[in-house]
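After this come two complexes, each holding chain A, first together with chain B and then together with chain C.
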Partner chain A sequence: MNPSAATEISSQAITLMATLMLLVQLLMTAQRMLLTSIRLFAIQSLLLAGIAALVAYHHNASHVYVVAGLTLIGKVIFLPWLLNRLVHRIQIHQEIEPLLNAPTSMLICGGLTLLGYVLARPFTSMERLGNNTLGIALTLLLTGFFLMINRRKALTQVLALLTVENGVMLAAVALTSYGMPLVVELGIFFDVLVAVMVLGILVYRIRESFASMDTSKLNQLKG
Partner chain B sequence: MLLLTPILFAPLLAGLLCLLVPSRRAMSALGVLAFATTLGLGIALLYQVLARGVVTEWSEFLSADALSAWMVLLISVVSLATSLYAGRYFRRDEAAGAVTPGRVREFFVLTPLFGAGMFLVVLANNLGVMWAAVEATALSSVLLVALYNRRNSLEAAWKYVILGSLGLALALMGTVFVYAAASKNNPQSLPSFNWSYLMSVAGRLDPHLLKLAFVFAFIGYGTKAGLAPMHTWLPDAHSEAPSPTSAMLSGVSLKIALYALLRFHILTTACLDSGFSRYFLLGFGLFSMFLAAPFILVQRNLKRMLAYSSLEHVGLICTGIALNTPVTIFGALLHMGYHALAKPVLFFAAGNIHQTCHSLEFRVIGPGVGKVLPVTVLLMGLAAIAAIGLPPFGLFLSEMTILSGGLAAHQTTVSVLILVALLASFCGILQQLARILLGARKPGDHANDARRLDGVPAMAMLLGGLLLFSVWLPAPLLELLHQAAGIIGSQP
Partner chain C sequence: MNLPALVLQLLLLLLLAPLVSGVIKNWKAKLQNRRGPRPWQVYFDLAKFLRKDMVISEHASWVFSFAPYVVFLTALLTGLMVPMVHTPAPLSLYGGVLAVVGLLALGRFFLALGGLDPASAFGGMGSSREMTLSAIAEPALMLAIFTVAITAKSTDLSQIALSTQSATGKLLNPAHVLAFAAMFVVLLAETGRIPVDNPATHLELTMIHEAMLLEYSGRHLAFMEWGASIKQLVLMTLFLNVFFPVGLAGPGAGAGALGLSLLAFLAKLLALSAAVVVVETTNAKLRLFRAPDLLSAAFVLATLALLSTFLFH
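The block that comes next holds the complex of A and B.
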């Protein structure tokens, strides 16, 4: 197989996986079971790890393999396991009714996707592999914000934050030929792990004090 | 001799050792020792930077210029005072049953880690590492804000961590864009992500990408720096955290985020050769100052009011830098220093008042709390006079420097706006504090049994430093500030 054909195939595979990441994100905004949301996040992270692995293979860059491996261990296995345990410990399995219902949310997410693509438009020429991955990255960022505003359970907000982070990492892979330097990737990786642990501790304490993890009850501090 | 490495590791080590040592006394001594060490090293660093310009270690992974050295001094001083104050503070809290010994240990472990994170922010050469360090400071301080585990402190911590993490996700996006701009120039290899390298190629970076990067980084780090309108977490976190933590948050943590923001500002200005990033600083800075004034006037909670006053000072620092003349930037940097000396005193005093009156509501505290806690209130009054910008304290000097610099550069409108905002919060704080500090005690309230000298060493140290440096700026420090101002304002 000649090199340009190989590039074409990896490029298409990356585009496909990035699109699937977006699809998973949309599914997450539409459903309410916490355990399913965690599983969807794991799938999204798996796709991200796949993209990183493909980039590493294509550029023959060993440190990007490390990034893919860390994503696999951290975000596909460890964090979902941690969040699952938290869900079982605090005994809350379902999100209450979101502020906006599913069809409205979908419409808004559609609009945000459009916005993401428009924002990414001037920079698509910079992408090394894949088409419009930057647009998808920005869309993940925007819909992640929306998910956070639209949901009231503390745990869903944590998941929303993690999808935002997935979006940023996708942008990092899409825009730079070899990802970022390893020390930065390691720093980001450990920060995310610690962040989820800190958030988990807080969720647990909030659940203990308020007998709920509905963040709309966190409304005493004003002005 | 290695300088940057021990500055980074002294607090880290102290934090880890606090996991092992048995008593609260030992833990607080460790904290004091660590930050006294970093202060000494920081002074040594000052001379090194003056002699060599830039000090690097670990093959340029760590690097310090005049701006970093200035921030190292600020972090050390505020953290040292906090460690001095915290020992007694938590002894009283523990005696009153407000915290468990486990939580106190949590404080003494996390505070040096918080400090180490801030040192890494200012010493890291790599912009990505700088981001990771800012995130680390946010994470270590979240648990400190939630230390009391009351409903309100959990709420404050949740708002802080969610808004902070969202902001930092945006800042990471900005960081990624900067890196993309750097790697666009040489697609074949992995370019360096070092600040020194980026500055050397600044003129060749893609300007559109860098503009986008700056906007993301501005909103991101601006959230962490508490610039309005992204400041909503700030009064909650400052008021619900234990007072030593509030002092660190307000005294340095805000300025550390501002430092990260300034690095992007310098890079963007060097690349675009225009005032694009300055207008952001100017607009958000002025808006923060004007938003703070009315909120100061309507507050009913002492520490919330102090938090809004911090918002005003951060706004002033941004505006001073945005005016972009050597004089105003110098004034802004000086203001950072004086504010770092004055504001912790106010929070420490608020801590003493909180423990005596069991509330931070003005209604419950005053009037006439001066009869109950004479020493604390005297020091608080002095610090308040400093914070609102009255002579003989340095904040008067730095505010005047910014104003006169602005007027000399014919920025009349901005200067007048600054003056109006300063006056408004001047009146606000004066009116609020006069209400509680002065006046006669209500009959029936007897003088409190509070140990009158608790926390005085830390407050006296900061106020003494403030007074000393207000009347006498040593020549090396002055030179350092001029160099730091040169780094920020070397471009048009």
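The block that comes next holds the complex of A and C.
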């Protein structure tokens, strides 16, 4: 196979997987069961690991393999496992009614997707592998923030933070064509890992002292 | 117009449609550890319905007796406009995407009228539910097909299938992925499958499609059921041959190529049926007021698909 055809195929595979990431993100917006949301996040991270592996293979950048491996171990296996355990421990399986109902939030996410694409437009003319993914990365960032605002359960907000992080990783892999320096990647990765563990404990504490995960109750005085 | 092709596709539509329903029913039962009816049981059911007498309410008008034939014929006509085992489809000169969606809507309109006409409480309820859901499902279907139509630069379904086929070797592009997801949800909703409607129950609180058929019996019921299974086959064919026209025989193909195309089509159809069975078994039926959430999700996905055809260039 000649190199240009190979580039074409891997570029398409990357765009395809990035779109699937977007699809999973939109599903997560409409999803109210916590365990399913966690599973969706694991799928999204798996797709991210796939993209990183493809980029690494294509550019012969061995340190991006490390990123892919870390994503696989950390975000596909470890974090979902941790969050799953947390859900079982606090015995809350369903998100309460979000601030905006599912159709409205889907529409807003649609608008945010459009915004993401439009913002990424000036950059997508650059000839790079999987250059279209920047729009999707921005969209993941925006919808992640929206998800965080829209949901009231602390656990879903943690998940939203993780999807924002997935968006940043995707942008890093897609835009710089061989990923950020390994040190930076490792830094972000462990940051998120520690943040989630701390947040997990925090969620458990909130639940213990307020008998609920509803973060909107945190501004009430405790007598 | 090519007469043998027309006859072939007509026969396929008439004979294959009940079998697909039967296979789905059978596999679903197997997956749930039941034995289930044999796949060809649906044929016997239809034959029996055709032989039985009809009981028609004295309050029913001509619309009631007219509706089953409209439902049946619109499904059949739509089927002839969709390329099934070869392009172009037998009636492709007479209409493209818009005609297909329009004919389906006509059939649905008469189905709802037939539910309303004998003035039974359940029929009206079923009609109202059907109309509520299809008001969201239909635009999603149209947007999803338009996405592919824009890539193919034609609203002719055969042309769309050919253009998707010539792009083989390429993977699905982002717009297609989104449209594909939207279309799958619409497929489940339009064929009355589980997250939206339950085809296996006559429980009054949940039924949608069955509620409209409650007053029908005998020959009318046979045409309604047959029409519904043909519509299901048509939508599945539309889904398969628009997104995966693998093995679809081109214009002027010989008998061998047609046979091969038929085999490929059957294989794809069985795979899609298996997917439907898995979805039906692993999901619970949505509460009626949650079903619009699912369908509006499909609508947003289809809108995004349409937008990204313009944005990814």
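Just so we're on the same page, the second predicted complex is superposed on the first by the 216 of 223 C-alpha atoms of A that agree within 3 Å, B and C clash if a C-alpha of one lies under 4 Å from a C-alpha of the other, contacts with A are read in each partner's own complex, and residues count from 1 in each chain.
What we mean here is this: a contact is a pair of C-beta atoms (placed from the backbone, for glycine too) under 8 Å apart; a residue touches a chain by one contact, two chains touch by 3 or more.
Every value quoted in this text rests on a predicted model; they were computed, and no experiment measured them.
In the three-chain model built by superposing on chain A, chain B and chain C fit together without any clash. With both structures placed on the common chain, the touch criterion links A:84 to neither chain B nor chain C.
Of the two partner chains placed around the shared chain by superposition, chain B is the only one that A:187 touches, whereas chain C remains out of contact. Once the two structures are superposed, chain B and chain C can be ranked by residues of chain A touched, with B on top. When both complexes are overlaid on chain A, the residue A:212 reaches neither chain B nor chain C. Contact with neither chain B nor chain C is seen for A:36 once the two complexes are overlaid on the shared chain.
In the superposition on chain A, A:165 contacts chain B only, with no contact to chain C.
In the overlay built on the shared chain, the residue A:20 is in contact with chain C alone; chain B does not reach it.
By the document's definition of touching, of the two partners only chain C reaches A:106; chain B does not. The overlay of the two complexes leaves chain B and chain C separated by a minimum Cα distance of 20 Å. The touching residues of chain A, counted against chain B in their complex, run 61, 122-123, 126, 128, 141, 145, 148, 154, 157, 161, 164-165, 168, 171-172, 175-178, 180-181, 183-184, 187-188, 190-191, 194-195, 198-199, 201-202, 205-206, 209-210, 215, 218-221, 223. Listing the residues of chain B that touch chain A in their complex gives 61, 126, 128-129, 131-133, 135-136, 139, 142-143, 146, 149-152, 154-159, 161-162, 165-166, 169-170, 172-173, 176-177, 179-180, 183-184, 187-188, 190, 192-193, 208-209, 212, 235-236, 239-240, 295, 298-299, 304. Of all residues in chain C, those touching chain A in their complex are 170-174, 177-178, 181, 292-294, 296-297, 300-301, 303-304, 307-308, 311-312.
Residues 9, 12-13, 15-16, 18-20, 22-23, 26-27, 30, 101-103, 106-107, 109-110, 113-114, 117-118, 121, 132, 135-136 of chain A are the ones that touch chain C when the two sit in their complex.
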